[in-house]
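Chain naming follows the written order as A, B and C, and within any one chain the residues start at number 1.
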Amino acid sequence: MSSRSLNKKFDKILAREEAGELSSNSGSRALKKLLNNRLALVGLILFSIIIFTAVFAPLFTSADPMKINLRNLSQPPSADHWFGTDKTGRDVFARVLYGGRVSILVGLGSGIIAAIIGVLVGAYTGYKGGWLDVIALRVSELFMSFPQIILVLLLVSIIGQSLINLMIIFVLTGWGGMYRMARARMLSLREEEYVQALQSFGLSTATICYKHILPNALGPIMVNITLSTAAFILAEAGLSFLGLGVPASIPTWGNILNVAQEIRVLQNFWWMWLPVGATISLFVLSVNFIGDGLRDATDPSQQG
Amino acid sequence: MLNQISGIALAAGLFMSSAGLVSAQAINDEPLSDPRVRQAIAYAIDMDTIVDTLLEGKAIAADSMLPNGPHKPAGLNAYAYDPDKARELLAAANWDSDRELDMVYYYGDQLTADLMAAVQAYLSDVGVKMTYRKLEGDVGAQLTTRPTNPVDGISNIDWDLGYGAAAATALQEYYNPYKTGGTSHTPGNAELDGLIDAINATADPDAQRPAYFAIQEYWNTNLDALPLYYQQLFIYESNKLNRNGHGYGNEQYNYDFGIVDWTMEPDANGKQIMYTNTAPPQFFELPWANLGIWITSKIVFDKLLSADGSLAVNGSQLAESYSVGADGMSVSFTLKDGLTWHDGSALTVADVEWSVKTALRVPNIHAVVANTFTSIDGGQAYRDGTSDEIAGIATDGNTITFTMSKLDPNMLLTFTQFPPLPMELLKGTDPIELQQAAYWQNPIGSGPFRIEEVQMNDFVRYVPFENYHGGVAKIDEIVAFPSLDGDGNLLKNAGAGKMDYGFTKNVADVAALEAMDHMRVIPADIPYTRMIWFNKFARK
Amino acid sequence: MLTYVIRRILILIPMLLTISFLVYTALELTPGDAVSALINPEVASRLSDAQFAELREAYGLNKPFIVRYGIWLSNVMQGNFGHSLAGGVPISTIFLDRLPATLELSLVALLFSTVLGCILGTYSALKRGSITDSSLTVVGMIGVSIPEFFFGLVALLIFALNLGWLPVGGRLLPGYETIWDRVPHIIMPAMVLSLMMTAGVMRYARSSMLDALTREFITTARSKGLPEWRINLLHGFRVALTPVIVLIGFRLPLLIGGSVIIEQVFQWPGIGNEFIGAVRGSDYPLVMMIALFSVFAVLMASLIIDVLTALIDPRVRLS
């Protein structure tokens, strides 16, 4: 009886607190700082442009990225084909746009999923403690003991190549860092008085974790997502180079850039690799700028 | 019971060939077993355009498994590009437009991926969906696991179409795998078996010709595999290399290319160093499977006989002389006097005998070689392990004689390609694990060059063998890098002037090599057909 | 201190065992077996099932799982790492042969990038907010935003093919005589690798330096009127050095994993090149041993870091 009314009272207080503290104060302050950071702003603009053109690719090109035209091979850029055509006569511009969809899906998608899994597991087991925590910690140590590329290649050799498999692999290799961060935060927050108070009011562990503790860690989470997105996009390109990435029939930035392996293409057909190479680098760069800005904006100890 | 079944199959076969239309239907639930579907796919792909564009004119569109030549009949249907005809045939065969065909391939180069994209586009144009993927890992098993029942069994492979090739030392090789139980994708068929037996029945080319005509005409309608194009082979040389009059030939195999007489423009130190590729990444390969692909197989190991560029016997290497029995059922070789291995030990008929016997028990040796050796009297039993003796091998001093129990039209060809190995260094090794012997880290051979230094996966240096029976080679040193045709390293090395000789089948390499002023490229017509396999077995 | 080291090592052992078991299990689950991966498909298409079975038996692929794992593990304990499936080459031989190449390349790259990164990072921190500082930051970020194989290929195109200054690949000069003959081969792969690695060090060194510069004793030193360069050099750098040691420790795994792609671009006959080949060919024993070895390297590196940190900061030992 009494605990229920206490709960109600407390929830009200808490709701007010949350609304006040999170959305109006620290959130907008961080956003303002982010927007004041010129590099981050450049990054944000680049990032938005690339995402927008990829997602709304049909608005920007009427060409079909898969449509070959054997009578129009390896043509330099023209009004019809802004980035020229590749060795099977496909429109490179369209391929870069549509390829972006897949690459961004792989990079950003895996980054977000890895972060979600890492945070959920880290926050929960960190809060709960006990054998669950020990197991999760050991498992994450297992994954993190491998050099990244060795683990990725090992997993490729085990589960084989496909778009989904690649995402699974990236998530498997990427969740550990996020998990550790979330867990460390949870361990320190667990000892905080207000959390202990919540606990004594009988709030469920899950509620405490996700409602009261997580929002405080949003900044570092975002930074982590940007970093892993950048890493995954580059890893996708690297795996394509090794012939162990997304199957060649699917256009991805990595698969498109892969033609640069042929010295003849590298020497004579710059339009087949330069635009896509630049796009990959700009996208990764923009993500890095954003991540950097976020770090500065949310972590006061790293100002400079 | 068994007789009865084959009797029915035979009757069906005869019936089908007498009335062509009756054969034009699926033989099981799998639509690909319907010849009309296969013909439609043939019509849908514009091979002439692909040859002109993607393949840069460096291939020939194929109308048969066999290359152009005297063994090809006139009037074969070339399946010239005709999408309307393709749609018509598909409609007649009730093609299900929701079916998505799964195409596999195993070449890692960009050109293959581009070709797959082109085929995908052509098929989609006539309403056939297709996706393609490169096989990884256990490629052999994924390609070749056969169904338990070779005639109307359930497929044991998970692909619909396969892009592959057949390279043949002997023309029969194009068809021999298709005998009942031989492939993972083509159901056994008595009519085809009969046609295959006919091309193997004689070693006389004139007598073979009608049999070849018959099997090609059958194939032209049935398209058990769809021949796409004839691959040319391209030999490239730098302008520092001089072959001194020796000709070119089928570089994938061993032929008399006269490397002993080759010379190189000396480098700054006055040394003649020739750079090439195909050095091993981890170990030297047993030269009994890929007979002449690696430079080591060509120059480190001598064979009993030598062949000309089109692989016809033209003389001898280790043999001083050879003679074939009147009926072609035996052959004897007398070795040259004083032959030695690179380590100085004597090379004798005992080495030859041991090598042939060992090869019979090594699982993955070349099909032509295997066929010759199992044709030796007692060879099959020795291979099966039911006997430890081979009655058909006899030695006498410097002479070794092989007596066959069945005619092998390619008997002499085998001895131009099969190098004996040194018995003393390998004799304790189980034939199954022959490739695992430490010997393959730095093999001792009998050829004009011996291995001087091995930096595995970096380079191998070869120097002339001082006691070579054919005279000491003029080039001071050959350096081989571990690149292969189709990988980017060939062009990098060539661009940097570190590639003086080699061969490739990759037309992208060829165009790039031709663009280099210091390189020349010599095309060679070889029997090598690229094709699409159809998995015609019923699915699970 | 000794007990701390022993405790750390005791934690390592079950970790290594678990990983060895997992790696082994996972690879066992891969589709098919390695036999036909060893054979040219054009040849394999002619093998009979009986011949396949023969090969499988020969490679010991027919025994029960736990037995296979047990055999393998006891062999590893005795220093017998097994044989590569493809050519039966002892894996220890492959390690001895390829590891020096990888270590040579990675060490040069690691040293160069650490030195360069520390110098640039420190400079950046001292000139904090200047144009140099922000340009360095941006250049560093561009550096880590280019796919490394692409960077390598472009370098190769320019310096080896167009200018002809450096060899296109390989590690040794065939027929080399002096150690100097080898130098041109390592320049390009090592430089490409270091430049890709520098940005991370630079960022780390910069923030460590910034951190150090705001410490109290620096402020004290400054208030005592010591010249600025002495403060920066002696005090600032010394404080920043500890994190740099930690950083080097963290980067030790790069010795094995860092050069995989660059080795491929420059035909460098190292362990990474071998690993790619093994993954492509489903050469399980080799894949397993290289993966295990790299884990071993990482764990040893983390052990060393922990011990070093414990030496510096005694509180760690007690926790």
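By our rule, a residue touches a chain if its C-beta (ideal position, glycine included) is under 8 Å from a C-beta of that chain, and two chains touch if they have at least 3 such contacts.
Note that the structure is predicted; figures quoted are calculated from it, not measured.
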{"item": "Chain pair with more C-beta contacts, A-B versus A-C", "value": "A-C"}
{"item": "Chain located farthest away, centre of chain C as origin (C-alpha)", "value": "B"}
{"item": "Centre-most chain [mean C-alpha coordinates]", "value": "C"}
{"item": "Intercentroid distance (Cα basis), chain C paired with chain B, Å", "value": "40"}
{"item": "Computed distance of Cα centres, chain C from chain A, in Å", "value": "24"}
{"item": "For chain A paired with chain B, centre-to-centre distance based on mean C-alpha positions, whole Å", "value": "48"}
{"item": "Sequence positions of chain C contacting 2 or more other chains", "value": "30-31, 161, 280, 282"}
{"item": "Multi-chain contact sites of chain B, meaning residues that touch two or more partners", "value": "136-137, 492, 495"}
{"item": "Residues of chain A whose C-beta touches two or more other chains", "value": "157, 160, 243-244, 261, 263"}
{"item": "Chain A contact footprint on chain C (complex, rising order)", "value": "15, 18-19, 22-23, 26-27, 29-31, 125, 128-129, 134, 137-138, 141-142, 144-150, 153-154, 157, 161, 206-207, 210, 253-254, 256-258, 260-261, 264, 275-276, 279-280, 282, 287, 290-291, 294-295, 297-299, 302"}
{"item": "Touching residues on chain C, where the partner in the complex is chain B", "value": "30-47, 49, 51-52, 54-55, 58, 83-84, 86-89, 93-94, 97-98, 101, 156, 160-161, 164, 167-172, 174-175, 267, 269, 273-274, 277, 280, 282"}
{"item": "Chain A-facing residues of chain B, complex", "value": "46, 49-50, 52-54, 108, 110, 113-114, 116-118, 120-121, 131-134, 136-137, 488, 491-492, 495, 508, 511-512, 515"}
{"item": "In the complex, chain B residues that touch chain C", "value": "106, 136-146, 164-167, 177, 182-184, 273, 281-283, 289-290, 363-364, 366-367, 430, 432-433, 435-437, 440-441, 453, 455-459, 461, 477, 479, 481-483, 489, 492-493, 495-496, 498"}
{"item": "In the complex with chain B, residue positions of chain A that touch it", "value": "66-68, 70-71, 73, 87-90, 157, 160-161, 243-244, 247-249, 258-259, 261-264"}
